[in-house]
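Take a look at the structures listed below.
Shared between the two complexes below is chain A, which has chain B as its partner in the first and chain C in the second.
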Partner chain A sequence: MRQIIGYELRKLFRNRLVLFMLALFSVLNLYQIYGDYRKYAGSEKSWRDGYFAVYDEISGPWDNEKIRYVLAEYEKAKAAVSSGNYSTEPDQPGTHTGYVFGDWGLFEQIKDDMERMYHYGKTMAALTQKAADNAVFYEEKGNPALAKQNRLIAETYRNRSVAAFYDTLGISRYLKYDFSTLLILMLLIPLLSPLFAREHESGMHALLRLTPDFRKLPYAKLAACCTGIALVCLFFFTEDFLAFRYFYHIRGLSQPVWTLPDYFYTPLSCTVGGCLLLQAALKLLGFLVIGCVCTAFSAAAKHELIPFCCTFAVALVLVLTDAFAGSTVLSVLNPVTMLRNEALFRDFKTVSVFGRPVFSFRLPVLAALTEWLMLAGLTLAAGRLPARQRRTRHEI
Partner chain B sequence: MKLEIRNVSKQYSGTLALDGFSAELTCGLYGLLGPNGAGKTTLISIITTLLPPTAGTVLYNGRPAGGRDYMKVIGYLPQDPRFYKSFTAEEFLRYMAAMKGIGKKDAAARTAELLEQVNLTAHRNKKIGAFSGGMRQRLGIAQAILNDPEILILDEPTAGLDPKERVRFRNIISRLSSDRIILVATHIVSDLEFAAKEVLLLKEGRLLKKAAPTDLQNSVAGKVWRIQAEEAELEQYMRRYVIANAAASGGQYTLRIVSDEKPQESAQPEQPRLEDVYLYYFGETYETDHRL
Partner chain C sequence: MKYECYKLFVKRKAWLLLLVFTALRLLTAFLQTNYASDYRMELYRDAYFRHMEVLEGRLTEEKAAYIEAENALIRELTGENSEDFIGCYIRGEITEDEFNERYRLRTTGYERKDAFAVINDRYRSVSQNPERVYFLYSNGWTGLFGNEHLDFVLLILVMLLTVPMICDEFSTGMYPLLRTAPNGGARLYAAKAGTAVLTAMLSAMLFFAAEAGFYAAVLGLPDGSFPLQSLPPFEQSPYPVSILGAAALTLLNRFIGVTFLTLALLCLSALTKRALSAVFLGTAGILLPYILFAKSSLKYLLPTPLGFLLSCGWLKGSFPVSPNAQEILTVTPAQYRTVLLVSAGLTAGLFLLGMLAFTGFSLPRIRRKGAAALCLLCLLLTGCGKAPASEPDLTGLVYDKWQYRPESEAFSVIRDEETGSFLSYPDSGGQVPLIHDCFTDTADLRRGSLPYIDGDTVYYVNQYSMFHMEIIALDTRDFSERCVYRAYWSDNLDRPEMLFGLGMYLPSKKPQEERTDAYFVHHGQLVLSKPQGIFRIDLRTGDECCIHAGKTENLAATCGYLYYLDELLDLYRCDLKTNVSEKLPVGKIRHFYAAADGLYCRSLKEDAYYFVPPDGSQKKPVPDFDGDAFLKGELT
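For the complex of A and B:
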């Protein structure tokens, strides 16, 4: 079986169009990441250099010296800007970014980040206490649902703190970056469309049906499909991470995920690195669902153009639905939610399931898993059907 | 080894492609001859279980054809195989070996042996997309006999091949026919003339004849003629008779005619060939065929 899967993988990737798209998309992806970096890390090199140099100095466990330094630099820059007595010429000596105005913006941003992270533990302790008090209150008032909800809040945010300060820009941008998601989606359609359909086009279907192990073939193809999707994802996720790491000097992978500005109230309890892996896993799940849409079409079709067009249409509808439907039942069922999952874990949102509060992010994940299994089953069923023999021209 | 085809019929919405076909095949090479639309590929599809019959049954060694055990003993070469263009010859055979349940080690040895047998060793690492028609056919026969099948079915195996490739192909098939059932569906008569044990003539879904080539030739003895004709008479003869051959020489034509009746007083009887048998049963005059 492993051998057959290996050969099925070769069939998938020995496709000039796919290889060309892979090469082109990897270049486009790098270009887009570089553009993202130029946009968010400052368009001027002097600003970027100053930014990373300052963060290199002040990153690490909390240190009063570093806090005093940041505050002092901020006040100095603010005073200079307020006085109006500063030069607009680039590369000013005694500045970090080359501009006094740039220094002011930089240290204001660092100060705000520091305050957020420094006071996080206290903020959460207060919130936890409040939630615990609410739980007792609602219990006494005979409202078990709200009592459970508040207990969950208290459990989730208990004992949270931030032990170190670091630059979160790179990670934040990485989590929001979804251009490669679009590229992977575009690549998977031509990659997977021929999976079954090409056997009919090449006349191989009849030959394969006459082999003793024909029944294994749909399983091997499905396994190859999932492996192929995983390989493409691994390629782009790795490229994304390495590029972001290079440009943004990414750090803080071992820090708790709530250190990120957008994840202040996240219900997740994992490290930043864990969150990246979770995001990648959910994206992979989303691609597996859409990939199996393609393979189901391919198993039912005799020409690879049919699954190509049908999957493209379905993907377009899913993407547009995700863009315009908002947070509804449709977004729970839409596998594109998995592809753009960065927002799933930002906030504390629950739904009541048999009177118990359940984190709402679990629903689209469960839906995607179910859809994947159903579509995989559909692919296997369609792939195992005997081909309806078309009468060839000379038989008519 | 016995393959029995018992009263097999196949109906496609309104058209009867096969009509009560029955035959018994044992070890040796069998030819399935018939014009386009005779039902050759339909019969092959039923024997290989790619198609279910509308009526009748196919038995191998007394058991209904089909199932995993039957797939282990059958080898098939379809008409105009294209295979996978991006695979090399060796990769393709190894893939088919895996599909036929042959272990990795055995597959490596068998692949090398077969590539040698079909004279493709020098092209083992060449992509199939770069193969000529003849090379693809040879690769096709290699994949068909990977599992050393007891039944080998070949559908139009020499169509589109040049004479040298056809002869090479015929020799390979002849070597293989001593210990298995080989059924070759074709309308190229010369492929079967000297090697086939028996020839099955199929017309409009019905079995016309099943006999050894020599017996078939004898059955049209006295029905093959040679005559001389002027150019002005040529069209007249073509309208009236089935012409096997027309050779021009100095304004005159030597015609080889297949006909029950003597076409002219001076007509000379000729020794029938298998091609004459084909024309006798399937040939058409110009009037019927509207072809020159």
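For the complex of A and C:
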């Protein structure tokens, strides 16, 4: 069985077109990441250098000296800007970014980030206390569902604090980056469309049915499909991470995820690195679902163009539905939600399941898992069907 | 080539595909007309066309004078002096009918102002370049060829028609036979290429003609002889052509684009010998630049079919990336000529390369042609059943926004600006916070809204942003909450968020007017006052009806009726059981207060208070009425 899986994998990837597109897409991906970096980390080199130099200096565990330094630099820049007596020429002496106005913007941003992180523990302690009080209140009022929800809030946000300060721009941009998702989607559809269909098209299906291992073949193909998807995802996710790490000087992977600005109220209790892995895993799940849509079409079709067109159409419909559905049942069932999962973990949202509060992000994950298994089953069922005999038309 | 055409149209039934895809294209055009280029022209269509009867065409002195006169009239109707007619009515200088007329004029003055705003915006452009910019109803033309949407329907059709022409010869095993035929090889490839190109051009022309017919019928395509710069997206165009000429150039560009695309697909088909590979490469070659260079002029400047398929950008000169965007793209005639030449060369090269590949020495692989039939994914939404409606009990209904104090027998709502809102229980003397949300800074009611008590339920407005509100029903028995009404509104065009930032290519939604100014709830009936009128929603069944269309003021209810002032300051009462409104014969009213047995109305003319019974049959003067004291509950 392992041999068959290996052979199917080789069949998938020993395709000059696929390898060429993989190389091209990886170059395009790097180009897009670099464009993202130029857009969000400042278009001027002096600004970017100053930005990273300042963060190198002040990052790390809380230190009163660093806080005083930031406040002093902020006040100095603010005073210079307020007075109006400053030059807008580049490479100003005594500045970090090369511009007085740039320094003011930079230190204002750092000050706001520092305040948010520094007071986080206190904010969460107050929130936890309020949730505990609410739990008691709702118990008295005979509302066990809301009481349980508030107990869950108290439990989730208990003992949270931020022990160190660091630059979160790189991680935030990485979490929002989704161009590689498009590239993976565009690569997977032609990669997987011929998986079953080519056997029918080439007439090999009838021969394979005579082999002793034919029954294992659909399983092997499916396993190869999932492995292929995982390999492609691993390739692009690794490239993304390395590129972002290089350009944005990513730090703080071992810091708690709630240190990120968009994740202030996240219910997750993992590190930033753990969150990145979770995001990658959910994207992989989304791709597995769409990949199995493709293989299901491929197993039912006799021409490899059909699953390509159908999967492309389905993917387009799913992406459009995701844009317009909002927070409805459609968004729970849509596998594209897994591909755009950055927003899933930002806020505390629950749904009541048999009177118990369940985090709402679990629903689309469960739905995606179920869809994957169902589509895999469909693929296996279609893949084991006998080849239909059709009269071949020869046209002159 | 005749036989290739026969094969394509008769054997492969390409004519059926053409018809189906043309219908599909019309459908997409229909969906896009809801998001017309300038929605204001559609919003005030009648007024706009009335003005166009005078203004259409080149700017003249008479037209400029007309515009100035209309602006002066609008200023007069909506300016400070518009209030004088109220004083005239009070002094008895004008009759009630004249008052109504002047009041209506003031209201319509604002509507005239909104309707004329689009003319004023165009006037600014027209007056700067009167030789080239004319007044014109442009939505039809802009919809036809003014936007940069990629025609995916045409793209898919061209791929489905073109790719199998070469690839099927390999898959059916005909290729080796054809190679040995006298007219096989290069001549056959040229015939196929000619057929494919002609078919693609025919498709493009058919689509364009169908769209033109559609826009002509739905929106109208007037005055094609006007200069191209009369269309707003083409204001900066450097080309001295008419609109019809620009439409013809757009079609020509599309011909070039589909020719380029067709020959590229044929070349890919001949090189890869697989339909899937050719289609994938063709799709990637169009889609990736479309996404990557969405905000860059490279999508036009790269020698790919994309720029020609988008086509309109070549004629625009300088234009924003998308409506309301800051980034400006510039495409010059010189760049167009360069790209055209390079693309022509590339197209010729692809043709030759494809021919060489088709006549080359690659080994044919025998494939069996297959058939395809697949199902589509359907998504269903299910609705909820509705509870049968019962007659609402309106006894004891006394609600007035001005004097309402949210209280019931069991509790009342106390609002404090600093500490928040509380439920106060007079029996026990205790107070409980109304809202228990852990995640907001000030867990308090938004927009200064009054909470309403209906039995054990407190209704309050929770607004999350300036453009979004919800009415929440809080059950005070267990403090569970549910949203009973939700509204969104926006002042600007709104684009949906989409994966890969592709939302910028989707049409924008028109601004929504769902703002709610006042509301109250009684016995499961939610009554909302919006700019469009008064609406009533039965919270049990979800049934909605309009009680009064048009602007209203001073919404209140008492004695089983809903009372309100319309925009002419006439007092109406509506029977909430039948939703029938009637005007009460009490004259013009400034405002009124609802009491348990009637209304205290302040007359516009006399500027004095009268007590009016529920049916408005008589007016009893109440000279010492003090509105403030009444609101505080100090009057008996």
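Some points to look at:
Everything below uses one rule, namely that the second predicted complex is superposed on the first by the 390 of 396 C-alpha atoms of A that agree within 3 Å, B and C clash if a C-alpha of one lies under 4 Å from a C-alpha of the other, contacts with A are read in each partner's own complex, and residues count from 1 in each chain.
Here, contacts are C-beta pairs under 8 Å (C-beta built on N, C-alpha and C of every residue); 3 or more make two chains touch, one makes a residue touch a chain.
The shown structure was predicted, so the numbers you read here are calculated from the model rather than taken from an experiment.
Partners chain B and chain C fit side by side in the overlay (superposition on chain A). Using the contact criterion defined above for the overlaid structures, shared-chain residue A:194 touches chain C, although it does not reach chain B. Contacts of A:11 after superposition on the shared chain: chain B is touched, whereas chain C is not. Once the two structures are overlaid, the count of chain A residues touched is higher for C than for its counterpart among chain B and chain C. Contacts of A:212 after superposition on the shared chain: chain B is touched, whereas chain C is not.
In the superposed pair of complexes, A:134 makes contact with chain C only, with no contact to chain B.
Looking at the shared chain after the overlay, A:305 reaches chain C, while chain B stays out of its contact range.
When the two structures are aligned on the shared chain, A:3 is found in touch with chain B, with no touch to chain C. When the two structures are aligned on the shared chain, A:339 is found in touch with chain C, with no touch to chain B. Touch criterion not met for A:44: it reaches neither chain B nor chain C. Angle at chain A (Cα centre) between the Cα centres of chain B and chain C in the superposed arrangement: 100°, in steps of 10.
In the superposed pair of complexes, A:265 makes contact with chain C only, with no contact to chain B. Closest CA pair between chain B and chain C after superposition: 6 Å apart. When both complexes are aligned on chain A by C-alpha atoms, chain A residues 202-203, 392, 394-396 touch chain B in the first and chain C in the second. Those residues of chain C whose C-beta lies close enough to touch chain A in the complex are 7, 11, 156, 160, 163, 168, 171-174, 177, 272, 274-277, 279-281, 283-284, 287-288, 291-292, 365-372, 374, 376-377, 379, 381, 432, 436, 438-439, 477-480, 496-500, 502-503, 506. Within the complex formed with chain B, the chain A residues making contact are 3-4, 7, 10-11, 14-15, 202-204, 206-214, 217, 386-387, 389, 391-392, 394-396. Chain contact summary for the complex, chain B toward chain A: residues 12, 15, 17, 36-37, 39, 41-42, 45, 48-51, 68, 71-72, 74, 76, 78-84, 86-87, 91, 94-96, 98-101, 104, 143.
By the touch criterion stated above, chain A contacts chain C in their complex at residues 17, 21, 28, 31-32, 127, 130-131, 134, 137-138, 141-143, 145-146, 150, 153, 178-179, 181-182, 186, 189-190, 193-194, 197, 200-203, 265, 297, 300-310, 312-314, 317, 319-324, 329-330, 333, 336, 339-340, 347-348, 388, 390, 392-396.
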